[in-house]
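What follows is chain A paired twice: with chain B in the first complex and chain C in the second.
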Partner chain A sequence: MSLVVKRYIPHAVLVATAFFLAGDTLLLEKTYNDLATSGVKAISIIGSFAVLISITMLSRLHVRRIQRRRTVIESSVLLVCMWATMIWGLFRFAVQGVSPLKEFAVQQVFSGIVSPGDATIYSILAFFIAAAAYRAFRARSIEATILLGSGVIVMLGKAPIGEMIWGYFPVLTTWLTDVPNTAGVRTLILSGIIAVTALYVRIILGYERGWMGRGD
Partner chain B sequence: MHITNVSELSVRTGYNGATIMFVVSLAIVSLGIYLTMRGVLKPKIRRLAGIDALDEMIGRATELGRPVHYTVGLGGIGNEQVIAGLSIARYVARKCAELGVRFLFTFAAPSVQPIATDLIKQAYVEAGKADTFNPDNVMWLSDRQFAFATGVMGLCLRENVAANMLLGYFAAESLIFAEAGYRVGAMQIAGTTNSYQIPFFVVTCDYTLISEELITAGAYMSGEPRQQGSILGQDYVRLIGLALMGVGAILYGVGIKTLTTWLAL
Partner chain C sequence: MDVRYMYLLVMIVVSIPLLKPMGLPLGTISVETTRMYQYIDKLPSRSIIVMIADQSPAAAAECQPAMVANIQHAVNKGHRVLFYASRTDAVPFIDDAMKVVLGATSDHPNYGKLYVNLGYIPEGELGLKGLAADVFFTGRDAYGKDLRAMEFFRDLPKKDASDWGLIIYYGASSVDWVVRQITDVYGCKTAGGVAAVLVTRMYPYYPHSIIGFQTGLRGAAEYEVLVKRPGEAAAGMDAQSLSHLAIVIMIIVGNIGYYASRRKPSGGG
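Up next, the complex of A and B:
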């Protein structure tokens, strides 16, 4: 593939799109704004084609795993069964007009497997947070000691027992979260935004080509 | 032919300050790049311990004979954190290819698949190990947050990874990834601009790239003056921002709200 197709055309499209959409955010003109809205929709549609590539790659990986039977294949079998369920849902929708949202088998996969699975993993976070907090709450240095102290104050401030011990724990907690914490977070956000601006300049100028795949 | 009903082009209400800051920021960063390329400015960039430790992490994986896991998290290819993560991934993949370490790359958004596959394949080509590239090691696990988290957690535990690199866009699943790496004794580096997830990474990972460190890591690693000039430019933009905030706070304190009103969206 020539360098023009591989590098210059994608880069030109990127630069034109970037300035076009930046203009849409800042400027007001009905025709221009409508065109930009349509453009964003078109980008979403093009992007959705990537799903097909990913599904193909994932399916190939799991089918090959089932064929070789070298590793644990239960999850691969389950995945292939889910594809079958999805294809059945699409078939019913295309041929019989039954909405996938009302399809019994598809609904069972979501309500019986996906939703409880999501909830389970989310709830595991509580234990992970406890384990991480245990490791963090060790006064090894001045910074760690300040973190430990702040953490204890915030915990006591948020729990009813804190107010029973000392009435000013909730007040101190509010001050810690509203003043030093907010100042720190805003610093991170501001520095991140400025760095992103510089990243976009590098991309527009063609110095940063990670988004382009091989690019060079 | 007469064109009718064409509305007048104007800046959106309340966006005057943003428009000027946008143009000024672009100009200053571009100027920083230009002056650095001409040799007028020579930026001195502080060391990023996390990036400097990448070689050590890959070397450790080589000695242990265990794979390196790298993820850019939940974001799609349009996310700036993912773009920054991919820049670092290319370097890590090349090093892994050179040293014969398995490089496992995971992501949640399908749009990352073609770009990441191409990028990592190119890294293997650059290392002269194109024949060892396995596209099955570039894995889309799921676009559902916790299904993806489960997939990554399972992968880290099954493959017993020696290094766990979490550089990209992360949300509530960040701690799941980091804890999985911790449990298999992996050296870990993480980076994101999401301020809510940074504390989790700080307490669970060996190295953390905080906010802009992730975004600038690609330029830092490249060592190219033109890329490092952009870091210098962004520092000047930051100084202007700080000055505006300081002046705005003082003016607001004495009852003059013009500047804060002008800058507010």
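Up next, the complex of A and C:
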């Protein structure tokens, strides 16, 4: 494929789309704004098809693992079995008009397997944090001591028991979150915005080409 | 000390209050939760409250009780609620919350009049931008019903986000995109029922863009108290208190042990 198709046309589409949608934020002209909203709808639909691509690639990877019987395949088998849920849900919606939200099998898989599994993985963090806090959280320097002190104050200030132990824990917690925390997070947000803006300018000017894939 | 003893301690400290509640008092209700409650309380009747479900099953433990309490408040005040999910695994949580408060979802008599569930809108910030520009962005709701036929949308003057009274975000990722697309452009204020890890990112926008928020499980418990509907969050407060205390004690004991071992004379003669 020529360089025009692989590089210049995608770049032109990106620049046109970026300026078109940026103009929607700045201009108050009904026809233009309606066109931009239609454009946003189109992008949402394209994004939904991207989910289809990711499902296909993930499934292909795991089917290959099952075929080659590489290492642990139980999770691959489970993933492929999930196809059955997806196909059943699609069948019930497309042919019989039953929304996935009302389909019993789909809801049971989510509420019985996916939701508790995800919550369990997150809950395990509590044990890791407790063990890590005991073993690694040491007041070795002034900065570490300040961090340790702030962490203890906020943990006790946010839990009801903190106010029972000492009435000023919530007051100190409020000061910590309102003053130093806000200052620090504002700095992070601002620097993030500047970095992202610089990145987008580089993409629009064509200096960043990683998103196009290998063009050679 | 063997790390398994710490795991056992945390397990005991969390499970005993859940099995046998101790009834520890909740304490002073935070200013952020109170401001959010008062804002919703003062909205004119039939104001539209948009609720964005962005909680994964992992964050749902903190965000779901907040969502339930907020829906209860909206029901008590006669407000309209528009739900949508910005991630696929948050879609069932909207239905769950509606069933807990209203007892039904699309078959509720006021569905389509006071409550509408748009389901999943892809592309996160872009999807919200589209919804904010045109409230009929999805065309149909999560159950396939035509939005234009619903009484919910009939009296809206502009059919965009400027008609909304408040937008509430539930999740653990970030709230910046909601403020960027809604509050800054249309003036509709933002609130949150967020996981505790996200709260530090809310403060730069508070109180002007984000009028108030519920901080994790504690904030949800406070809101439950305010709407007089104690639920899962209030029930979890004892466990949270004891687990926080246990971790703080372990940190202090660890540091005492560390400094004690540093002072021991090293070796013998």
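Couple of notes before you dig in:
Just so we're on the same page, the second predicted complex is superposed on the first by the 195 of 216 C-alpha atoms of A that agree within 3 Å, B and C clash if a C-alpha of one lies under 4 Å from a C-alpha of the other, contacts with A are read in each partner's own complex, and residues count from 1 in each chain.
Heads up, the rule we're going with is that a residue touches a chain if its C-beta (ideal position, glycine included) is under 8 Å from a C-beta of that chain, and two chains touch if they have at least 3 such contacts.
It should be emphasised that the depicted structure is a prediction, and the values quoted were computed from it without experimental measurement.
Once the two complexes are laid over each other on the shared chain, residue contacts for A:S191 go to chain B alone; chain C is not touched.
In the superposed model, A:G162 makes contact with chain C only, not with chain B.
Of the two partner chains, chain C is the only one touched by A:P170; chain B is not.
In the overlay built on the shared chain, the residue A:D118 is in contact with chain B and with chain C.
By the touch criterion defined above, A:M212 reaches chain B but does not reach chain C. Once chain A of one complex is fitted onto chain A of the other, the partner contacts of A:K102 are limited to chain C, with no touch recorded for chain B. Residue contacts after overlaying the shared chain place A:C81 against neither chain B nor chain C. Legend: residue contacts after superposition of the two complexes on their common chain; A:A16 is shown touching neither chain B nor chain C.
Once the two complexes are overlaid on the shared chain, A:I66 sits clear of chain B and of chain C alike. Residues 25, 47, 51, 114, 117-118, 121-122, 129, 131, 133, 135, 185, 189 of chain A are contacted both by chain B in one complex and by chain C in the other. Put simply, chain A touches chain C in their complex at residues 25, 33, 36-37, 40-41, 43-44, 47-48, 51, 97, 99, 101-102, 107, 110-111, 114-119, 121-123, 126-127, 129-131, 133-135, 137-139, 148, 151-152, 155-156, 158-164, 170, 174, 177-178, 181-182, 185-186, 189.
Chain B makes touch with chain A in their complex at residues 6-13, 15, 18-19, 22, 25-26, 29-30, 33, 76-78, 80, 83-84, 86-87, 89-90, 110-115, 117-119, 121-122, 125, 135-136, 138-141, 144-147, 149-150, 154, 158, 172, 175-176, 178-179, 193, 195, 198, 200, 202-204, 210-212, 215-216, 218-219, 222, 224, 226-227, 230-231, 233-234, 237-238, 241.
Taken in their complex, chain C has these residues touching chain A: 1, 3, 6-7, 9-11, 14, 24-28, 30-31, 56-61, 88-89, 91-92, 95, 105, 119, 121-123, 126-127, 129-130, 133-134, 137, 142-144, 176, 185, 196, 199-201, 203-204, 215-216, 218, 237, 240-248, 250-255, 258.
By the touch criterion given at the top, residues 22, 25-32, 47, 50-51, 53-55, 57-58, 60-61, 64, 71-72, 75, 114, 117-118, 121-122, 124-125, 128-129, 131-133, 135-136, 184-185, 188-192, 194-203, 205, 207-208, 210-216 of chain A touch chain B in their complex.
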